[in-house]
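Structures follow.
Note that chain A is present in both complexes that follow, paired respectively with chain B and with chain C.
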Partner chain A sequence: MTPFTNDELKWLGAGAILFAVAALLPLVDQGFYLSLSVNIMLYAALCTAWALFSGPTHYVSLATAAFYGLGTYTVGLGIDAMPYPLLLAIAALIGAALAGLVGAATLRISGVYFVIFTFGLAELVRQLVTWTQTKFATAIGLYVFTDLFEQHIYWMLVALTAAVFLTAFLINRSRLGFAMQIIGNDETVARHVGIDTARSKIVLFMISGAFIAVAGAIMAPRYSYIEPPSAFNPMISFLVVIMALLGGTKRLWGPLVGVIPFTILMDQVSARFPNHTMIVIGLAFLAIVYLIPNGVTGLLEQARARWKARAARMGQEKAA
Partner chain B sequence: MLRRNFIALAAATAALTLAGAPAFAQDVIKLGASAPKSGPLAGGAAVTHWPNIQLWMKEVNAAGGLKVGDKQMKIELVEYDDKTNGEEAIKNIQRLATVDNVDFLVAPYSTGLNIAAAPMIAKYGYPHIATTAATDGVKDFASRWPNSFWMLGTSTQLAEGIVQTLTKMKDKGDIGNKVALVNVADAFGLELVGAAKPLLAAGGFDIVYETSYPLGTQDLAPVISGAKAAAPDAFVAFSYPGDTFALTEQAQVQGLNTPVFYTGVGTAFPAFAKRFGAAANGIMGIGGINSSDPGVKGYLELHRADLGSDPDFWASATTYAGLQILGQAIEKAGSLDKAAVVEAIKGGTFDTVIGKVSMPNNVNENVWTVGQWNNGVFEAVAGDGLSVGAEPVKKAGWE
Partner chain C sequence: MNILITGILLSGTYALIALGLTLQYGVARIMNLGNGETLVAACFVAFWLYTGFAINPLVGLLLIAPGAFLINLVIYLVALQPLVKRAKNRGQLEVDSILATFGLLFLLQGLMIVAFGGEYRSYTFLAERFDILGNSYGLNRIVAFVAAAAIAGALWFFLYRTRQGTAMRAVAVDPNSANLVAIDVARTAAIAFALGGALTACGGALISTFYTFNASMGVIFTMKALIIVIMGGVGDIRGAILAALILGISETLVASLIDPGLTLAATYALFILVLLFRPQGIFGRAPT
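Entry: the complex of A and B
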């Protein structure tokens, strides 16, 4: 591995400080703002993990709910038999295994076929889990009662998000990251220069799936009562895509700047319009698409370019 | 142009937001509610949950409010949509407790959401009177969260109810001993079928057909044709609202003429009677009420007069009763102190639309378990600890 450059070390340091500050939140507030932050952290982890794969490859995956639900069910089924940390590890393995299987079967198809397949996958996994539970499970109704309270779940999510970021950062500067960049730009070219495109995509999909499954496993104690409609909620898949696209997937921190405003907006809408949430959120979607088509990162970069241009102009004027 | 329209729309939205802020007055009890207004359970909550909160508040406020100590206090509602999502439900409880600082809470809707929100409600010590959760876990929950009360009974009670009804009819010679048993493959259906099977075996019944189907299945024709081929005397399905309607429709189409036709949640909805009209007569399902009971009668009249519709004949009256208990316990405690109100609920006997309720162990044991449609009323034919107004009868054909 190439040694870190000074610039990279600066980014790493800044990231570490940000996560450390985020981890302090439960010491300040244990009420509503902690709940809201759990929500933000969850989607920060999910969207960044999603963008890890879908960002460079441009494959829009709607399978988030499948991985998430598997993670939740791993804890639901195993909590009485195994220690919780072990279950988190198992969830990661199961998520990666499913992603590997699915990836091997489908990553050769692309475009809209992949989108539809992944959407169906969540439903398929849900039905398989239900069927297995009906046939083999001894416990009826899955309860997850632990001593974990909100702040613990929050801390786990902060740690998970940090891990996703670190992984993505390391991938970006590895051979795999370089390969993904070329695949994203032109898959045919990538194949011609000797990149095993299928393998690279599958590996990335597995990493992404494992992280999403762990997020589901972390959230299981919060639901207490595990049932398929909430664990495999298709809304999760859609929200992740929308938030990540709102942020922008070209930068590592892109999804994050989508998640934070979007979660707060959604929350405000549902608090102020309890009877018309869906209508107002629909209008907000339209507004977002019309007003910020390139996502928040696009907006920020535009602003930066304008600022730079102005600075350059100022410099010229001064020189003149 | 589009952009300008959007800005106008955004401005209008902002104006609405400001106008929507509730007026705040002293001497008001703030009641918080979080339940589905969207998502899969929104339909059920719109029938069973929300109307009863409106109804009860209207009644109480029209009477001048609750008498707390020497003050008359009116009730004001703060409501949120949990989108049928446990994560949202928890967040809503947090918001109600720490941002809106409500004095009391209405329990969430459905088993899953009640359990998801329970730890958070317990953290703030609010009395938690669950009126829409029916599961065998209630005794565990009651000891886990001493502030929680469970009023809708257990799955075992519901299963016992239908088996008792079948036994009664078999002993009378109305039906034979062949039963077709169907369930939706989720925790609720599994719990009920798990409780019903040994009871049916002990009662001398023969399960001639048994199957389950995944939640959300649209096409239930194979289930009905399979059951029909087995020629049962009783068709028993532990189903959810969507499938309850679908199964009944298919049975009608395929002419499954069993003397007992029983479906699960949703049978008690007024929409069910509306959908099937006279053909609904004789269909059995979970729930039921005793319409000759004066309390129930009063509740039905109130509901019809105020909301212009019939209530759900299972959990609706229980939901209303839960609110009555909360109100009476507040008056009894004479303060808005949450712990004092929890104690008052534990120690008291309450006069409600479903009769006298006392919950020394945090669980209400007295529930109606099986109802049967009879000309627009879902009359209870079996109950646990409660008297019923009618005997189960054989269902005629689908005409």
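Entry: the complex of A and C
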């Protein structure tokens, strides 16, 4: 591995400080803001993990709810038999395994198949889970009783988000990250310079899937009662896509820019106009396509480039 | 035998929906994920015409199909054509159209939920017995199948026996070359998209005669139609009809022999087989 440059060390240090500050929140508030922050942290982890794969490949993955639900179910099924940290590790393995299977079936062909396949994946897994449960167990729901409180869940999510960021950062400066950059720009070129495109994509999708499954496992104690329709809620997949694209996927911190305002917006909308959430989501998708195709970070970068160009022109005029 | 015939009857309406989608994706190059919402809207209009004005759903098709054609034409011209013009390559258009039609999906679904509520609806139309080979089936299902077959036949005639239809097939094969032989690609694509919407709406109106529907079921139908389109090969009429038959029969098999809750799993099993062995579709040739 190449040694870190000074610039990279600065970013790492700044990131560490930000996460440390975020971790202090439960000491200040234990009520509304903590519960809102749990949602924000959750979606921050999910969106960054999603962008890890979908950012460079431009493949819109709708499998988030499937991984998330599997993670939740792992905890629900195993909580009486195994220690919680072990369950988190198992959830990661299951998420990676499912991502590997889906990737092996679809990522060798074109991107459209992948989108369509993931479109129904959560519903498929939900049907299979419900069927096995009615066939082999008596009840459909599962109870999860732990001694974990809201703040513990919050801390775990902060740690997970930090881990996702660190992983994404390390991938970006590795051979895999370089390969993904080339694949994202032109897949034919990537194949011609000897990159195993399918393998790189599958590996990346597995990493992303594992993180999302862990997020689901962390959230399981918060639900305390788990049943298939709530664990495999397809809305999670769509919200993650919107928030990540709203922020922009070109930068590591891009999704975060979308997560914070949109989580707060959805919180307000579902509390005040529960019948209109669909319409808001539809409008958000349309806004992303027509108004901000590169996300908010894209807009910021455009503005910065324009400002720099103007500054350069001013400098020239002064010199002349 | 009973299962086989039920499956075939079901596949007639699936075929119409999938034909609509395959026109939209194959010719107009728009992967329309809001297709299922067109279907649900048609269900509600058929319901409203039948309960409100006592208009027979088959006669209602004469109103619903042109209506859906116009609405889809407007959607294409206003919302989707700018994306086609903006896109630098096929991949860009695919991502944009997927996201835009997601937007349409949620917007339409949200509007329908606000307008009609979330509950299931149905009406009784021709709920009489009809005997085939000693087993009885609902007459409404048979009428729907015959109507679907007639519409699919008309579509085949249009595509293979008229100039307009031939132009449409040419655009499906290669838009750039079609342009060279003096085909107005933009106009043909717009008409294909609108026609696809009209076909889907016909499928919806027919389905409403024998199926309970609600405002949020569109996604499931989009899903099935997508899988049929891929199984049959994008833009391939024969393939789509054969794939619809396979899907309808295997779904009925799984639902009656194993568990009705596993129909999507059956669909997916087929999907995976196709992806692994014939990703270019049943009749498709491997890209050279």
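Here, the second predicted complex is superposed on the first by the 276 of 320 C-alpha atoms of A that agree within 3 Å, B and C clash if a C-alpha of one lies under 4 Å from a C-alpha of the other, contacts with A are read in each partner's own complex, and residues count from 1 in each chain.
Here is the rule we use: a contact is a pair of C-beta atoms (placed from the backbone, for glycine too) under 8 Å apart; a residue touches a chain by one contact, two chains touch by 3 or more.
The structure displayed is predicted, hence computed values, not measured ones.
Of the two partner chains placed by the overlay, only chain B lies in contact with A:227; chain C stays clear of it. When the two structures are aligned on the shared chain, A:34 is found in touch with chain B, with no touch to chain C.
When the two complexes are overlaid on their common chain A, residue A:167 makes contact with neither chain B nor chain C.
By the document's definition of touching, of the two partners only chain B reaches A:267; chain C does not. Within the superposed three-chain model, A:116 lies in touch with chain C and out of touch with chain B [touch as defined at top]. In the superposition on chain A, contact of A:149 is made with chain B only, not with chain C. Once both structures are placed on chain A, chain A residues 127, 130-131, 134, 275, 277-278, 280, 283, 286, 290 are touched by chain B and, in the other complex, by chain C.
If you check the complex, the residues on chain A that touch chain B are 31-32, 34-36, 38-39, 42, 127, 130-131, 133-134, 140-143, 145, 149-150, 219, 222-225, 227-230, 233, 235, 267, 270-275, 277-278, 280, 283, 286-287, 290-291. Every residue of chain C that touches chain A in the complex is listed here, in rising order: 31, 33, 79, 82-83, 91, 94-96, 98-100, 102-111, 113-114, 219-220, 223, 226-227, 230, 259, 261-262, 264-265, 267-268, 271-272, 275-276, 279.
Residue ranges of chain A in contact with chain C, taken from their complex: 58, 60, 105-106, 109, 111-113, 115-117, 119-120, 123-124, 127-128, 130-131, 134, 234, 238, 241, 245, 275-286, 288-290, 293. By the touch criterion given at the top, residues 2-3, 6, 9-10, 13, 17, 20, 37-38, 40, 79-81, 83-88, 90-91, 94-95, 97-99, 111-112, 115-116, 118-120, 123, 135-137, 144, 185-188, 190-191, 194, 212, 214-215 of chain B touch chain A in their complex.
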